[in-house]
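In what follows, structures are represented as structure tokens.
Below are two complexes that have chain A in common, paired first with chain B and then with chain C.
Let's look at the complex of A and B:
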């Protein structure tokens, strides 16, 4: 794992916020919410994978099985 | 590395292009409705004051428009001219079917046009004039709506196209 996943998450965050603003200005609040939710779900998938990596690392460091 | 970069660029360019072409459609719609109104007004005067046959009146009315609207009127005139068994409404329907891919018109204005075309050539001059004015009023309303839709949507589609392209590129990397 490197820094690139962090940059990816940051990039998705910025783009989702821009899309949210564009949709909201056009009066499509529901689509804006949906879009934010989709972005959140995608980022959550990545974060969950990272978290599982963290837990396995902790397990292997302290030899908890 | 290079292949990735080129692929990302292609994704971004194509989705931005999609966004821009969708926005362009919203941009074109009010312009075409305005041309339709001008054409119908001209058609009305050609029918009422010059008393031209319908095919010729359509042909002359098409001269003040340009692009797909002109083509629509010219096709209608052509169909009336060449296929004698078609009524004006049927000819118009046929022409609309042929040019609807190039036109940026939506359902409401197409229906107004079809209703108008069904009456053209079946009643007397003053009645036709009345129907043309009615259609022009309806089109005027649709024109206002189209302008409101344009102001709302053009910017949104442009932003969305570019942003969705960038987001897809980030997701794929």
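Let's look at the complex of A and C:
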């Protein structure tokens, strides 16, 4: 599960940078910016899910309620 | 050989971050955050085993659960604070990391207050 999400995020990052460059070359600056934002949001969704998992685990291990 | 797994994970993540940082620094920060979370989750399983052992020992030694729970809570707060501060510092936001650490210190102090009060009470009782 660990490597899986790492590669997913890295793939999204590389894809976004490629799309960003392509859209910029085509003169669609605002679309490029929007695409960056979308990628960031997708990755943030995964990261937040993982973060909540981490926090619940820490809370259950250390009895932080 | 869990450590080999973790070191390999760290190497792969470092390479990926190096590739991505030049193009998209914000995704690189999230990548390092995910790596930190994964390693934390791996290590936390081991820590929970150690904590159950400590709990058993405390039960055998008749140490009150209050003290143990307080100590465990303080350790948990310290772990989470350190984690958050490191992520912020990695992203170049030293000021935010400083604030998080400050909040962690205050919360630990608040948790420690009952024990400090108890110690002071005991000392006062001992004094004639």
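The working rule: the second predicted complex is superposed on the first by the 64 of 65 C-alpha atoms of A that agree within 3 Å, B and C clash if a C-alpha of one lies under 4 Å from a C-alpha of the other, contacts with A are read in each partner's own complex, and residues count from 1 in each chain.
Rule of thumb we're sticking to: a residue touches a chain if its C-beta (ideal position, glycine included) is under 8 Å from a C-beta of that chain, and two chains touch if they have at least 3 such contacts.
Keep in mind that this is a model prediction, so the values were computed, not measured.
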Fit-or-clash call for chain B and chain C when the two complexes are aligned on chain A: fit
Touched partner set for A:16, first chain B, second chain C, both or neither: both
Contact breadth on chain A, by residue count: chain C or chain B: C
Touching partner for A:64 - first (chain B), second (chain C), both, neither: second
Which of chain B and chain C A:42 touches, first, second, both or neither: first
First (chain B), second (chain C), both or neither touched by A:26: first
Superposition-derived minimum Cα distance between chain C and chain B (Å): 15
Interface residues of chain A shared between complexes with chain B and chain C: 12, 16, 39
Chain B-facing residues of chain A, complex: 4, 8, 11-12, 15-16, 18-19, 22-23, 25-28, 39, 42
Partner chain A, residues of chain C touching it in the complex: 9, 12-13, 16, 19-20, 23-24, 26-28, 30-31, 33-35, 37-38, 40-42, 44, 47-48, 51, 69, 72-73, 75-77, 79-80
Residues on chain B engaged by chain A in the complex (per definition of touch): 152-153, 155-156, 159-160, 163-164, 166-167, 170-171, 173
Chain C partner contacts - residues on chain A that touch it in the complex: 1-3, 5-7, 9-10, 12-14, 16-17, 20, 36, 39-40, 43-44, 46-47, 50-51, 53-55, 57-59, 61-64
